[in-house]
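Right after this note come the structures.
Here come two complexes built around subunit A, the first alongside subunit B, the second alongside subunit C.
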Partner chain A sequence: MSRDWSLLLGMLLALLACVLLWVLHGALMDQPGPRLADLAAANVPYSGVSNPVTSVLLNFRAYDTLLELAVVLAALLGIWALGPAVPGFQPSGPVLASMVSWIVPLLILAGGYMLWVGGHAPGGAFQAGALLGAAGVILRLGGDPRAGLPDETMQRWLAVAGTAVFTLVGLALAAAGEGFLTYPTDWAKWLILLIETAATIAIGVTLAAAYVGGRP
Partner chain B sequence: MTDLLPLAVAVPLLAALLVTALPRQAALLGVLGAAATTLAAGAVLTAVWLNGALTADLGGWGVPLGISMRANGFAAALLAMTALVALATSVYATGYFADSPKAVHFWPLWLLLWASLNALLLAADLFNLFVTLELLGLCAAALGALTGSADAVKANLRYLLVGLLGSTTYLMGVALLYSAYGALDIALLAEHIAAGGDENNAVDAAALTLMTVGLALKAALFPLHFWLPPAHANAPAPVSAALSALVVKGAVYIIVILWLELFASVATASAAMVLGLLGAAGVVWGSWRALRAARLKLMAAYSTVAQIGYLFMFLPLIAATPPGPARDNLFAALVLMALSHGFAKAGFFLAAGLVQQQAGHDRIDDLGGTAQQMPATTFTIGLCGSALIGLPPSGSFIGKWLMMQGAIEAGQWWWIVVLLIGTLLAAAYTFRVLSRAFGLEPTPLRFVTDARSEIPALMLALTAVGVLGLAAGPLWTLLGLGAGGAA
Partner chain C sequence: MILFALGIWSFLSHEALLRKLIAFNVMGGGVFHVFIAVAYRGDTAPPDPVPHALVLTGIVVAVSATALALALGGRAQDAADHD
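And then the complex of A and B:
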């Protein structure tokens, strides 16, 4: 594309951005206020957790999160479908290797903490899973071609664990007469913790396997 | 009863997880999962038929805090079409991927795609729709690249990026609506928008434009169709069938909901006219390129661009027709066209895949002998072609007939010209393929050569031509029962 066209395109996009900003400004001015935030905050005490973000993600709009976990899985399946993984890196030097053996346990510990703390403060399955995934990335950079992951069969079970537990909890609640993903208030905390634990492991495995890049 | 709706998503989702975890039994588990999903979709259809529209409050919070799902007649009809097309494609895939290592990768993504389609059709929440679009786009692009050829990977990477651009644009529109009204549920937002009057006109118009453009990109509305032909033509045959027949329809379904339900009070007739004209351009351009295409699957892909165009031509007609039986007929005709195209195009792609496997290529000009060795497949292509043309008794014949009637009543004669050109070109490209079947090569005595692959394609073709054409009446009842504000 020639420079003139790029310039024209840029100007048009800038114009579009201005129009959108003006419209958004109008939308915000017409009805200032917290929208659904008040309603959500009022219902947090009944959601089983005290962190409002977790109560939205795992309770009020749990169905969205279930499908998002499936998106993460689909990304990994897409990567696996594109062929075998590229060969691993060369073994790392002694300094990096000893650092890896320090950092990886810390990352796993921090992941567990993130998972637990998500109930009442910022944290949760996605953050904890990201830390586990990071542990895998560091192991891979440190020379482990499998990024610390188990064999293929186990990887497959772990990668689907999050979505599977989430769906099965939903269906079990429906079968018990509560309705799909409708947690009874007393049980909500433990069901959310169960789902988040499975989701943490699944996200961690998925991210590490995606970094390895290719069929195990 | 309302648990049926999440079940229609949960069943294919669990099946996808199971085939991921147990790759050795992928084909068996996949077909079982497909059968179970079809049963779930059938249960939803039956329930909507008996009781009218269904809704489900997930999590028991109710709108606006929680997410709800719903199935009206429109959604149930598309859900049933998806189930039948996907079931036939699944059976076909067991033959197509019989000895291929690709089967292990096909089944999990395929069932996830199905789950996301069901979730899309049953969604009642704008943000939930975005999530389903993401899942759908990712699965579709990954499946499209399954052949692994450089062309396929390139075309589907482009498809993925275009899809991301489309869903992000859609999401901007959703964000605007949420900023203005503080709700995401479609029915609730429709009330707010109708009650808002002129106050939020700029927001409504901007949101409608953003969402429509984003979805039109995914629906391959002319001139945003550029990504479709290479992506659909280079995918494995069962995937092409699903992409053309089902995935594109998902975006069209949301556009129809936006124009006829959510923004019914602000979508003006002149704005609908723009969409209709783009659709008409798609009909002419897509049909022309289909006629000129050298390869069978490329021809089918361009034909999809044309058939999607017809669906958009209904929008200005519906906008120009006052509520009443005439408008109901137009809406039913739109659904009927979408259903017929779904069955016919899926059958066509499946048959084209068999021809390609048999001949080792799909160059139309060199298909002479191959077409004659496979009578059932050639018959399938002929039947699907007749449905694409709109010959009686196919469902699209009734659809086109009602569109002409609507155009005359609305005084918009120009749609009839487009309809005639499109039909003529469709006849030309269909007969161009069929003419290869009438050479002097010896014809085998057996009608069916490979039942597992040929019968599903033939069933889809017969559904498009026979069932939808001769028994279209119940569709009116189904839509009349549950279409609500849309009809």
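And then the complex of A and C:
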């Protein structure tokens, strides 16, 4: 791209940025309209968890989260469809190897803690899944060509686990007459925990497998 | 907002795929920051959880989309090398 075009583009985008800033400023300084926050905060006690973000994610807007898990799964399927993974790296030296053997169990432990703590403080399935995925990335960097993942069939089952459990819970609730993904208050905590556990494993496996970057 | 504008500029003006991807993620980062800031409801009230949940969802989607784009880009590079 020539220099003149680049300059023109820069000026136009600076203008766009100013317009966006002005709009945002106007929208925020204006008297704020009714927001979902009050509705969400009022319903947190009935959602089965006490962390408002988790209750929005897994209860009030569970559809979003279900579809998000489907998006993550679709991305992994796309990566797998592109062919086999490139071979792994050479085995690591003793320093890196011992660090890996220390950090991976710690990451898995921290992932489990994150999953549980999501009920009442910041945390939850995505953070825990990201930690599990990070454990996979570290294993792969340390020389394990499969990033610590099980064999192909098992990987496929684990990767769909999140979406499958989520959908099955939703359908079971619909069959029980509650409506799709409308949890009864008494069971909400355990249903959310079940879904989050499956989602954590699925996200961790998916991220690690995406890092491997090819069909197992 | 500045991050968003910088990201668009970089996305449009650089040719390399990797740079475009990074630029796209910078754009996304700008949007996420705006969302988190919008959740502020004054010093006394707790922040609005809905935008926070949306950002959390968005981050995971952005990561997986980036992974897919990287795999596609690498594959396209391989194909171009073989020709």
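Just so it is clear, the second predicted complex is superposed on the first by the 214 of 216 C-alpha atoms of A that agree within 3 Å, B and C clash if a C-alpha of one lies under 4 Å from a C-alpha of the other, contacts with A are read in each partner's own complex, and residues count from 1 in each chain.
Here, a contact is a pair of C-beta atoms (placed from the backbone, for glycine too) under 8 Å apart; a residue touches a chain by one contact, two chains touch by 3 or more.
Everything numeric in this text was worked out from a predicted model, so none of it was measured.
A.B. asks: Which of the two partners, first being subunit B and second being subunit C, lies in contact with A:L13: first, second, both, or neither?
C.D. replies: second
A.B. asks: May I ask you to decide whether A:G179 touches subunit B, subunit C, both, or neither, giving the answer as first, second, both or neither?
C.D. replies: A:G179 contacts subunit B only, not subunit C.
A.B. asks: So, does A:L36 touch the first partner subunit B, the second partner subunit C, both, or neither?
C.D. replies: The answer is both, since A:L36 touches subunit B and subunit C.
A.B. asks: Report for A:L82: first if it touches subunit B alone, second if subunit C alone, otherwise both or neither.
C.D. replies: both
A.B. asks: Regarding the shared-chain residue A:Q90, is it in contact with subunit B (first), subunit C (second), both, or neither?
C.D. replies: It touches nothing on subunit B or subunit C.
A.B. asks: Between subunit B and subunit C, whom does A:R61 touch in the aligned arrangement: first, second, both, or neither?
C.D. replies: A:R61 contacts both subunit B and subunit C.
A.B. asks: Which holds for A:L21: it touches subunit B only (first), subunit C only (second), both, or neither?
C.D. replies: It touches subunit C, and subunit B stays clear.
A.B. asks: Quick one: is A:S2 in contact with subunit B, with subunit C, with both, or with neither? Answer first, second, both or neither.
C.D. replies: In the superposition, A:S2 touches no partner, neither subunit B nor subunit C.
A.B. asks: According to the stated criteria, A:V71 is in contact with first (subunit B), second (subunit C), both, or neither; which is it?
C.D. replies: Both partners, subunit B and subunit C.
A.B. asks: Of the residues on subunit A, which ones does subunit B touch that subunit C also touches?
C.D. replies: Looking at subunit A, the two contact sets intersect at 20, 24, 28, 35-36, 40, 61, 64, 68, 71, 75, 78, 82-83.
A.B. asks: Could you pull out which subunit B residues touch subunit A in their complex?
C.D. replies: Where subunit B meets subunit A, its residues are 2-3, 6-7, 10, 13-14, 16-17, 20-21, 23, 56-61, 64-67, 102, 105, 108-109, 112, 115-116, 119, 127-128, 131-132, 134-135, 138-139, 141-143, 145-146, 148, 153, 172, 176, 178-183, 199-200, 202-203, 206, 210.
A.B. asks: Provide the residue numbers of subunit A that touch subunit C in the complex, in ascending order.
C.D. replies: Result: residues 1, 6, 9-10, 13-14, 16-17, 20-21, 24, 28, 32, 35-37, 40-41, 52-53, 55-57, 61, 64-65, 68, 71-72, 75-76, 78-79, 82-83, 124, 126, 129-130, 203, 206-207, 210-211, 213-214 of subunit A touch subunit C.
A.B. asks: So in the complex, the part of subunit C that touches subunit A is made up of which residues?
C.D. replies: Touch list, subunit C to subunit A: 1-2, 4-5, 8-9, 12-13, 15, 34, 38-39, 41, 45-50, 52-54, 56-57, 59-61, 63-65, 67-68, 70-72, 74-75.
A.B. asks: State the interface residues of subunit A toward subunit B in the complex, per the touch definition above.
C.D. replies: 19-20, 22-24, 26-28, 30-31, 33, 35-36, 39-40, 43, 59-64, 67-68, 70-71, 73-75, 77-78, 80-83, 156-157, 159-160, 163-164, 167-168, 170-171, 174, 178-183
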